[in-house]
Structures are given as C-alpha cells and as structure tokens.
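First subunit A sits with subunit B, and in the next complex the same chain sits with subunit C.
Let's turn to the complex of A and B:
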C-alpha cells in the first residue's frame, strides 16, 4: 500500500521539479532584473518542495531523493505535460505560472487534510510559501491585463494555449481511488479540476479577460491581430483544441519537450550518480 | 547548569549562514530540546522548505550540541509541526535583523495562510521611515522581499511573513 502513496508523492514532486526547472531557465534571461530574481526564487522554492515530497517517498521506496529526482527514465516521470512545456515568451510564462499556482493552491488545500500526518503537515507548510507565488502571478497577470492592447492580446492567447493543457494537472493519479479510500488524498482529482475551472473562470472574469473555458476546448472571444489590435469573436475566433489536451503525463507519457528538458536536467547527475555534494 | 540549559546556550551561537547576525534560537527555529541519559534530541523547524541553508544549519546544530559537556550523542530532526511562522522570531531576533539591515517581518501572531502577503508598510531598517515601496516580493533568498526607502534612498530587504 505504501507503494501507492509513494507513487502519488513522486508525481506531486515531479510537477514541482519540472515547473521549477522551467522557471530556473529564466535565471539570467528574464526581461528585467527583478523578474530574474523572482523566477529564480520561485524555482528554488518549487525544487525545494519537490525535494521534500521525494524525501517522504524515499523511505517508502528505498531510494534517495536525488535518485528519484534525476535517476529515472523519461517514461517514469509522472508530471503533467503543462509543466514541461518550454517557457515560450513572457506571456506564456506568466499564463502558465498563474494557472499552475492556482491549481497547486487548490491541491495543497486538499492535501492539508490528508490522513497521513507527515503529508498534511508538509502541505500546510508548502501552502504558506506558495501564497507568494500566487501573489506574484496575480500581480503580473493583472498588470498585463490592464496594460497595453498588444500585451493583453498576447496574454489572452497564452492563457488559451496553457489552459488547453491544464487538465493534465487534474488527471487522476495511479490507484487514486484507493488513496482516497484511505484518506491519504481527500478530494478526487477531477473534483479539484472542476473547482479549478470555477475559480479560474471567476478570476478571469474579474480581470476582464474574455477567455471562455469549456471542457476539452478553449476559445477566446477576442484575439490579437498581427498589429496587436483586438478582434471580436464575431469577426474571427480562436479555438484551440490540441490533441491530447495535456493528458498522459501522470502515466509517463510526455511530449518531445520533456525529453530535451530531461537530458539537460539529468546531465550532471549522470556523470557521477554516487557523488555527494 | 543543566545539560539542557547548556544546549540552549550552545544553540545561541548557531547562526543562519545567510543571516549571520541572528541565532537559530532567536529565529524561533528550535522547537524543542530533550536530554535523556546523555542523548540529546533537537527538533528544528525549517523557515522555508527549499532553504539551502537548512542542511548547513542541521550540521552546525549537530556539532554545537555534540560539543556540550554531558552530551554523548546528538540527534537532530526536522519538523513541519507546527509550520515555522514569522511570528516565532523573538523580540531580540527582530532587533538583530534590523541591525543587520533586514527589516523584520510584521506578523505578531500566527498569520492565516490566506492573509500572507506584503505588509502595508515596511519600516526602513536604516532610517525608520515608513515612506517605502515594495520593488519585488522576491529577493536574493526565498525568505526576503526587496524594498526602496524614499526617505534615505536606500534599497533594503524585508524578511517575509510566511
């Protein structure tokens, strides 16, 4: 039974490790220095959270946190596909950051009530730190949403693109129903997903961002033309429904983007797996 | 002096390597110290989960406790029960943070998770002015936010409420 819990902890850690790795790619490259600092700190937090989840799992599976983080084959990682997508432009980075941290906040709130005290306590601690990530993401999404037409148009497209794969974050874990029965998890992933759609729709509405969310398809009412002007849906509409919808990650099915990330992320570890730092 | 008292004194000398002005005791990171027949057990509450200083602190605590007369073995544990919160920093710790040039967190009691955020005013640790503005909710370490003081025109950092 502890294998079931360990696999869930590892999947949670994988989400945090992979999004943290993507955030860390802004170190030295962000559009301005304050954001270089912010994304580096957020990355450090996320990778720290991954390390804490791996540590809980490590005693159950008899592997060190480093072995779990860097010693597996690509198909053994269970992060959502959304986390592995390249940063793209600043708009996509912000859109994914905002969506991911909103989703993570709901997940942590549910994990805080886990019947496993060590998981409940860790989730409570992580949730307090993640508040800062959500505040950072909200600040930026609001700033761009209320800013120039060009920026707003880019953000709308990025939100639609990221939202199209957000379901992968709520794909059920392996043996999730047994973890629910034990009280280790308190809310089924699809129920969390429905809550996420509800709160995100309300938040987008508050921001005046007309992104319509439908199950399996995302449409934007307004899209940006090449000049950056917004075009109403009655003239043209954007409907983004990529094959897969970001699903499969929880079962080890990843995009080609993941393979490149994995190769870079594990390169140093593979030189000398037994090295201690 | 009891061995337990001696351990607390030894812990007063262990500093966070990233904030060398304040001891782990003043930071409120020591949950408990327990001595039984020469075996000492110390429970540490990490400030931030991903803090890279934690491994160093754990090592320093183990060495400090191990060197106390009467201690034959030291066990150091990490705990999130309760989660470390900024209100755990002692009044002395707050003064030391300020003297170090780091504005202390404002929280006076356990802060609700939903009310974690930037304080309305952060007092400049250099001149005491409240005419300050937040430049970035993140700083050189995950536990710090960046501010600018419009009175003395110095940038400064604040230890975040978490």
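Let's turn to the complex of A and C:
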C-alpha cells in the first residue's frame, strides 16, 4: 500500500521539480534585476518542495531523494505536461506560473487534511511559502492585464495556450481511488480540477481577460472521470499525440520538450551518480 | 571615427519607481535600511523586497517606502561647528562630581 502513496508523492514532487527547473532557466534573463532574484528564489522554493516530497517517498521506496529526482528514465516521471513546456516568453512563463500556483494552492489545501500526518504537515508548510508565489503571480498578471495593449495581448495569448494544457495537473494519480479511500488524498483530482476552473475563470473575469473555455472541456470531462473514466479514455487514445490536451504526464507520457529538459537536468548527476554535493 | 554601439537603455520612468527597503530581524530589533528595489507599486515592491532581502532568513518584517516620499536632511559642514559644543556630550561632565565635592569641602572650611 505504501508504494501507492509513494507514487503519488513522487508525482507531486515531479510537478514541483520540473516547473522549478523551468523557472530556474530565467536566472540571469528575467525582465529586471529584482525579478531575476525573485523568480530564481521562487524556482528554488519549488525545487525545495520537490525535495521534501521526495524525502517523504524515499523511505517508502528505498531510494534517496537525489536518485528519485535525477536517476529515473523520462517515462518514469509523472509530472503534468504543462510543467515541462519551454518558458517561451515572459508572458507564457507568467501565465503558467499563475495557473500552476493557483492549482497548487487548491491541491495543498486538500492535502493539508490528509490522514497521513507527515503529508498534512508538509502541505501546510509548503502552503505558507506558496502564498507568496501566488501573490507574486497575481500582481504580475494583474499589472500586465491592466497595462498596454501589447502586453495584454501577449498575456491573453499565453493564458489560452497554458490553459489548454492545465487539465494535466488534475489528471488522476495512479490508484487515486485507493488513496482517497485511505484518506491520504481528501479530494479527487477531477473535483479539484472543476474547482480550479471555477475560481480561475472568475479571476480571469475580474481581470477582464476573456479566456474562452470550451463548454464542458474541463469541467464535465474531469468530473465524469472521478469514476476512473479518464484513465480508460487515456488508454484508448494512447496512440494519438503523447500529450494531447496536456494529459498523459501522470502516466509517464511526455512531450519531446521533456526529453530535452530531462537530458539537461540529469547530465551532471549521470557523470557520477554516487557523488555527494 | 568608431561609433559606440552601446547605448544606455532608456528606463521607462513612469513604469517603475525606487523603493527603499527596511528590515528587522525580530520584534525587539529596530528596522534598518537593507537596500532598495524598483517596482511599479508598493505591493510589488513588497514582494520583490521579500524575495530579495529575506532569502536567507535575515528577517521577517519589512518596510518599503517610496524613495520620493523620504524627506532627508544633510549638512557636510557639521563636524566643524562654529562654537565649542562639548557641553552637549556626557564626557564633558566627568569632573563635575569631583568639583562639587571640592567646592563643598571648601565651603565647610570657610564656615569654620
């Protein structure tokens, strides 16, 4: 049973590690110096959260956090595809940062009520830091949304692009229903996904950003999948694009973008896996 | 003549302002200036200051103040005052107790 929980912890960690890695690619290139430090700091926080989840899982699977972070094959990472997409421009980075941290806030809120005290405690701890990430993202998005036509246009385009793949964050984990039955997870991913769509569309509405969501595209489909339908659908469509609509990541199906990221991220580790730093 | 291709980047002045950042390490410590950030408004300045100046646990309390809102005063001629102002320092009164004791003993001697 503990391997079910370990797999979920590793998937959560993978999200944080991969988006943290992408964020870190801005170091030295962010729009201005303060933002460079701030965004690098946020990247380090995310990777720190990953490290904490890996540490919880490491005793269950008998591997070190480093082995989990850098010692797996690409198909063994269970992060959502959205996290692995290249940074593109600042608008896309911002859009994804905002969407991801909104999603993460909902997820952490649910994890705080986990029946596993160590997971509940960790979620509470992470959530304290994530409040700042959300504020950072929110202030940026608000400012750009209310700013020049050019910036607003770029943000709108970026939000639409990132939103199209946001479902991957709410793709059910392996054996999720068993984790729910144990109380390890308290809210099914599709329910969280529906909540996310509700709060995010309301927030976008407040910002005057008309992001159109296909009727039922996220809400109904994700709600329907709480019974496991989504997994079945996925298996059927496995032969189509590996990351259709941002899905597949939880089952190790990634885009080519991930392979490039993975190669860069694990290059140093592979030289001397036993090295300590 | 070679023309330099490096041109100073124009800062969009209306977009950002300088905010001075003050930090304290604990409830009983004073706020001390620790640096400055540029930001479009006070809330963003606070977020930038939090990420830039508390990364290593240096403090949990910050003030950010628009530099334009700070009223300053300075006078470089101050170390060279027009008159002796040692009476404004405690050390100038170091001998007072001794002098007073001496004056009292003299007064008592005169009384006798």
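The criterion applied here is as follows: the second predicted complex is superposed on the first by the 248 of 277 C-alpha atoms of A that agree within 3 Å, B and C clash if a C-alpha of one lies under 4 Å from a C-alpha of the other, contacts with A are read in each partner's own complex, and residues count from 1 in each chain.
Basically, a residue touches a chain if its C-beta (ideal position, glycine included) is under 8 Å from a C-beta of that chain, and two chains touch if they have at least 3 such contacts.
Please read these numbers as outputs of a predicted model, since none were measured by experiment.
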Room on subunit A for both subunit B and subunit C (clash or fit): clash
Contacts of A:32 with subunit B and subunit C, given as first, second, both or neither: second
First, second, both or neither for A:165, with subunit B first and subunit C second: neither
First (subunit B), second (subunit C), both or neither touched by A:104: neither
Dominant toucher of subunit A (residue count), subunit B or subunit C: B
Contacts of A:143 with subunit B and subunit C, given as first, second, both or neither: second
Touching partner for A:84 - first (subunit B), second (subunit C), both, neither: neither
Contacts of A:14 with subunit B and subunit C, given as first, second, both or neither: neither
Contact residues common to both interfaces of subunit A (with subunit B and with subunit C): 34, 37-38, 41-42, 132, 135-136, 139
Touch list for subunit A against partner subunit C, complex: 32-35, 37-38, 41-42, 132, 135-136, 139-140, 143
Residue ranges of subunit C in contact with subunit A within the complex: 16, 37-41, 43-44, 47-48, 50-52, 55
Of subunit B, residues touching subunit A in the complex: 48-52, 79-81, 83-85, 113-114, 116-118, 135-142, 146, 160, 162
Footprint of subunit B on subunit A - complex, ascending: 34, 37-38, 40-42, 44-49, 51-52, 117, 121-122, 124-129, 131-132, 135-136, 139
